[in-house]
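Each structure below is given as structure tokens.
What follows is chain A paired twice: with chain B in the first complex and chain C in the second.
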Partner chain A sequence: MTGLLLQFGPTALLETLIQGLGQAGLYVILASGLTLIFGLMGVLNFAHGAFITIGTYLGAMGLFLLSSPNAAGVGGFLPLLGVFVLVFVGLMALGSLVEFGLVRRLYGRPPIDQILLTFGVATVLQQLAEIFVNLFTGGTSNQAQTPWPEPATYGPAVFGENVTVAGLAIDGVVLMEILVGAVVVAGVYLFLTRTRYGLYIRAGSEDDEMAEALGIDIRRVFTVVFGIGSGLAGVAGTFLIWQSTYDVTVAIGAQALLPAFIVVVVGGLGTFTGTVVAAAVAGFFFEFGVLLSTNVFDFVSLPQMLLFILLVVTLIVRPTGILGEEEVGGH
Partner chain B sequence: MSLLEVRDVHTYYGESHILEGVSLDVDTDEVVALLGRNGVGKTTTMRTILQLTPPRKGRVRFRGEEMVGKRTSGVAKRGVGWIPEDRRMFGNLTVEENIRAAVPSGSDMGAAFETAFETFPILEERRQQDAGTLSGGQQQMLAIARGLVGDNEMLLVDEPSEGLAPQIVADVGEALARVSNEVAVLLVEQNLRLALDLADRFYVLDHGQVVDEGDTAAVDPGSERLTRHLSA
Partner chain C sequence: MVLLLFIYPGVYSIVQPSGGGGTVGVLRLLLPQESLMFEVLILALFAVSFDFISGYTGYLSFGHSLFFGTGVMMVLGARADAFAGAGIPVLSAFGPQTPLLQVMLGAMVLAMLLAVLIGGVSFRLTGVYFAMITLGVAELARFIVVGYIGETGLQVTGSDLDWVIGLPGIGGVNLIPFRGSQVVLTDVPILGSLIGLISSLPVVGPYVPAEIQLIPLTSSYLVVGLVVVLSYFVMQRILNSPFGRVMLAIRENEERASAIGINTYYYKNAAFAISAAFGALAGALQAAWAHQANAAGAFGVLERAGPALIATIIGGIGTLAGPFYGTLFDENLVEVFDRDIKPFLGDLLGAETLQSTAVLGTNLNGVIDIWLTGQAQMYTGTVFIVFILFVPGGLLGTLRLYAGGKLSHRFGDFLAGLVGRGRGVLGR
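Here is the complex of A and B:
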């Protein structure tokens, strides 16, 4: 093992670590919503994937509107910031609406009802996204007649290009993922620990009935959490535009849901800190897999396989996840 | 008009008929004990008042306003506090956060802490400690403190002495006596002596029905009138 590591040299290893951190940032944004919603409401939200998809397409449209191809300097970053805000707010509104109109009716019912409902919502939203995309491209489900411009090129010029940081060559999008991931971790942490709603969320995650009996309208808290979780899913979806491992089709969200679920389960269902730790571990596993598969074995699926190995090992050694407790979810 | 009026409530868990037409009143500044063997519906009566387990039939009025059909948070906001059996602390939240969660939005947080810490100084010492690490007696005090800071006019107190050492029971009893000077209390308590000491009136429940009621001054813990319905 040591020989294997030495073979790459410190530069390649450090680059892999930083890329792992970027991947971890992406996983945190992908999985935070899932873990918050499960922790508080005990709902496994399968509609999360559809929110990711809508985030991808809304993000792409936002870029077309606000940015121009290969925008350099600040001219690339300001529109991107605008797109993130637009996507977060848009998806937060959609998520709140889905919770308020549909999911709310099923609290207190068996989990399978909620899984079926959110799965149904996911299917409907994905089909709507497909119809919408086809209307614009004049294509069929498999073939776009007039392909969209490549949204990835509408990001800052440094996305997809290597930036040299302290002698290391790092893709600009990786640095952005680290930055936004850190902002999300800090933001969610401060929200949970410093605000009244955060306090209600933590109280409700432990005992929603008692919280309600203290005068906390737990349904409103549920709507807020569902909204924030969906907004984060949307931002994660926008980032997928620059991920070469994902195909930009309406199935992109379902594809990204898999690593998100792995991160949530490995971290421990419903614990935000666990999700952050698991995202870091999974990020490093993934990028180490990329390093090995591009340099040692010719096996492109190795990174994904390492994620599944991580999941399986966790489930065998510590079924509650790294920081999970025995009981989670109030329902 | 009483502060709390429960009229002919019928409450079910699934198909099990738990409360079969319970009626009771609690007046302002009154402490009323709800007595009875295990499983006769005392906790269910409290859950029914709070609308945690709404009745299928009957009325629950608080300050003349109908509570049936309201959400539990709505009942709580109107001034009904709950100090449940086994305390139900938020164990991963600190003592301070547990109190904070119980203070209605818009209320003075500083005054709430003052009330809580004046009544239970030990809670101030443990302020930053996770509630789950408190002793049983301290948890009970925190549970009562949560009820106190909630701007409540009435507290539903369920088995406050359960699982506590005798000396601690005396402390909790004393705390409840002080609290009852401020608010009306409906008290479920297996320790008959404590219940009769604290309460002005009592109701006895059996098989989901009120079978006796009266002034606590008129009975003593060993009287046949009480033991008939309370001994196993």
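Here is the complex of A and C:
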């Protein structure tokens, strides 16, 4: 019993809180792309998971090119920034291409068709990723299906090691996630409220036909938003390299898609503020689950279960999500 | 069509008498093996059950693999005697000695309960939510099952119990042998006496062989075929009843349906439960045959529900038979790419050519390994995208559109027309 009390001392709780904040940052990056796309176009993008996978591998490639193993000090962060930019731009291009070539044809059709189409895109992209990984690793060993720990050693040395902040031992990558998460929240918020393009996006979410009648090229706005959403998915995928709960395989995106969906539904489909709030709540839930499952119960799936309980409770108490307004999407 | 299914093992053995060895002809390349047809039947049942809810009410059950997994886990759990050990209240009644039929019924009931639970929460919302929630539950179930059986999965060894039909407690009739040893049909209780009766008939009698032997694969294939066809007809019957009409009304316009006094919430839940039961049946059949499973194969949305979704779209969503053809195409392509294409090309071009032809730093074998083996889903996925964009009705739906009705009806009309014309020509 004393052991239990010790593990729940203020230090452990504070550490969990900060880790939860880091997890929340990750969830924001994972989910904001989804919610932006859904809010504007009403498309539930199942290809998001494939974009995450590609982001992971592209990020790993960038790390091999730009960074060196265990780069110490500030010198390790510059290549990392380069990798983020590379991944963001690469995935943005891919996302825009998918929207321009495929999703665009289906705006008039029922939402189910768009779900199906993006699911098909996800399947094809994931298999393509597998083929390319196998091509680069020399074929028959099927590297794409087995965990690949090597990329995690590249990048800043503090990732994966504990940094002491005010007496608390925090993993370096958690601090980075908090930072990037905050940057993404601030960036998207400012983009939506302070730029002309953000105005177009908000107008389009409200009523896309009216916006088009007022002379806004709404189709180009759609493409840009899809691109930004995909780019954010890629950056999130790069972060997953250092997450101990995920292994780098081609299935990584499919695994990460579930919490992203939960965050989007809990926050309310299509509201960015709701997603941020839900990401924070879900992040704390997850880390609290980790704390419980490592100390009290011996049940590895507890964090995922807690997330899910969060989803079910939200759906029963407030079906449209924390900040969702009305039912969206039709059926 | 149904008849074709049942005589397929015989047809295949005529086309491919060598049974695995020998040269690889075009027919061998394109015709599925008997063991594959077995899989196709089970997966087709699963895809049909998916289509039952998704195609007819318009609510996409994205995590339909949950029910498949329920069936799998029910059978394997009972066989491994896991329920009694874990002390789960009702489930502990299912042990390794429970007849397969009872376990399957239990799995169906369990899946229906699960479906009502999920539907109760999610049917208050729109279809987008429903798709996401079913997906979430399936993935969660997968996490939980991994927690119990690990990533590598569960394997049950030991002899199999036959498929016993009967009432619990009273004792059953072993009508159909399933995955046992070699089966002599005349020894099977009811079927045997039926065959004896037929052979004693005056005209047909002499043509009945004295002893019909079936290898386990063939006998199980026939059993599974029977169950799948029965399930198909049950679902078809439901869809043609007033209940099915209500499902269509919900798909076409839910607001209008509820405006004329239909309790759509109740109908959606009931339809989902029926669909779940048949999904679990497919899973139970698969587990009863394979005797092993892992969490990804049983519950994985991409691994299990994805192919069913693709098969449904290619075959034709909203047509009950469509998913069957879609599954046939899907699984056959997987088999061709994974297993058949290499020996086939080897025979055609010569094995040395495959080894020596250099393509971009590797040889043709390498190219096949990387681009084809295990990657069939990429090509079916591409076909899937093309179908979504340009052929939303799927194969069967589009054919029906052009024929102007169900093909069997049209074919009947066509025959009648021929007869009529023939009479006209003969002047009668």
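Following the convention adopted for this analysis, the second predicted complex is superposed on the first by the 308 of 331 C-alpha atoms of A that agree within 3 Å, B and C clash if a C-alpha of one lies under 4 Å from a C-alpha of the other, contacts with A are read in each partner's own complex, and residues count from 1 in each chain.
Convention: a residue touches a chain if its C-beta (ideal position, glycine included) is under 8 Å from a C-beta of that chain, and two chains touch if they have at least 3 such contacts.
Quick caveat, the model's predicted, so the values are computed rather than measured.
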item: Partner chain(s) touched by A:Arg196 [first = chain B, second = chain C, both, neither]; value: first
item: Partner chain in contact with A:Gln127 - chain B first, chain C second, else both or neither; value: second
item: Residues of chain A touched, compared between chain B and chain C (which is higher); value: C
item: Partner chain(s) touched by A:Asp247 [first = chain B, second = chain C, both, neither]; value: neither
item: First, second, both or neither for A:Ile218, with chain B first and chain C second; value: first
item: Partner chain in contact with A:Met210 - chain B first, chain C second, else both or neither; value: first
item: Touched partner set for A:Glu150, first chain B, second chain C, both or neither; value: neither
item: Touching residues (chain side chain B, partner chain A) in the complex; value: 50, 52, 71-73, 76-77, 82, 84, 88, 90-93, 97-98, 100-102, 104-105, 146, 150
item: In the complex with chain A, residue positions of chain C that touch it; value: 58-60, 62, 121-122, 124-133, 135-137, 139-140, 143-144, 146-147, 254, 301-302, 306, 309-310, 313, 362, 366, 369-371, 374-375, 377-378, 381-382, 384-385, 388-389, 392
item: List of chain A residues in touch with chain C within their complex; value: 44, 102, 105-106, 109-113, 115-117, 119-121, 123-124, 126-128, 130-131, 134-135, 139-140, 142, 251, 254, 258, 261-262, 265, 269, 299-301, 304-305, 308, 311-312, 315-316, 319-320, 327-331
item: Contacting residues of chain A [partner chain B, same complex]; value: 196, 199-200, 202-203, 206-207, 209-219
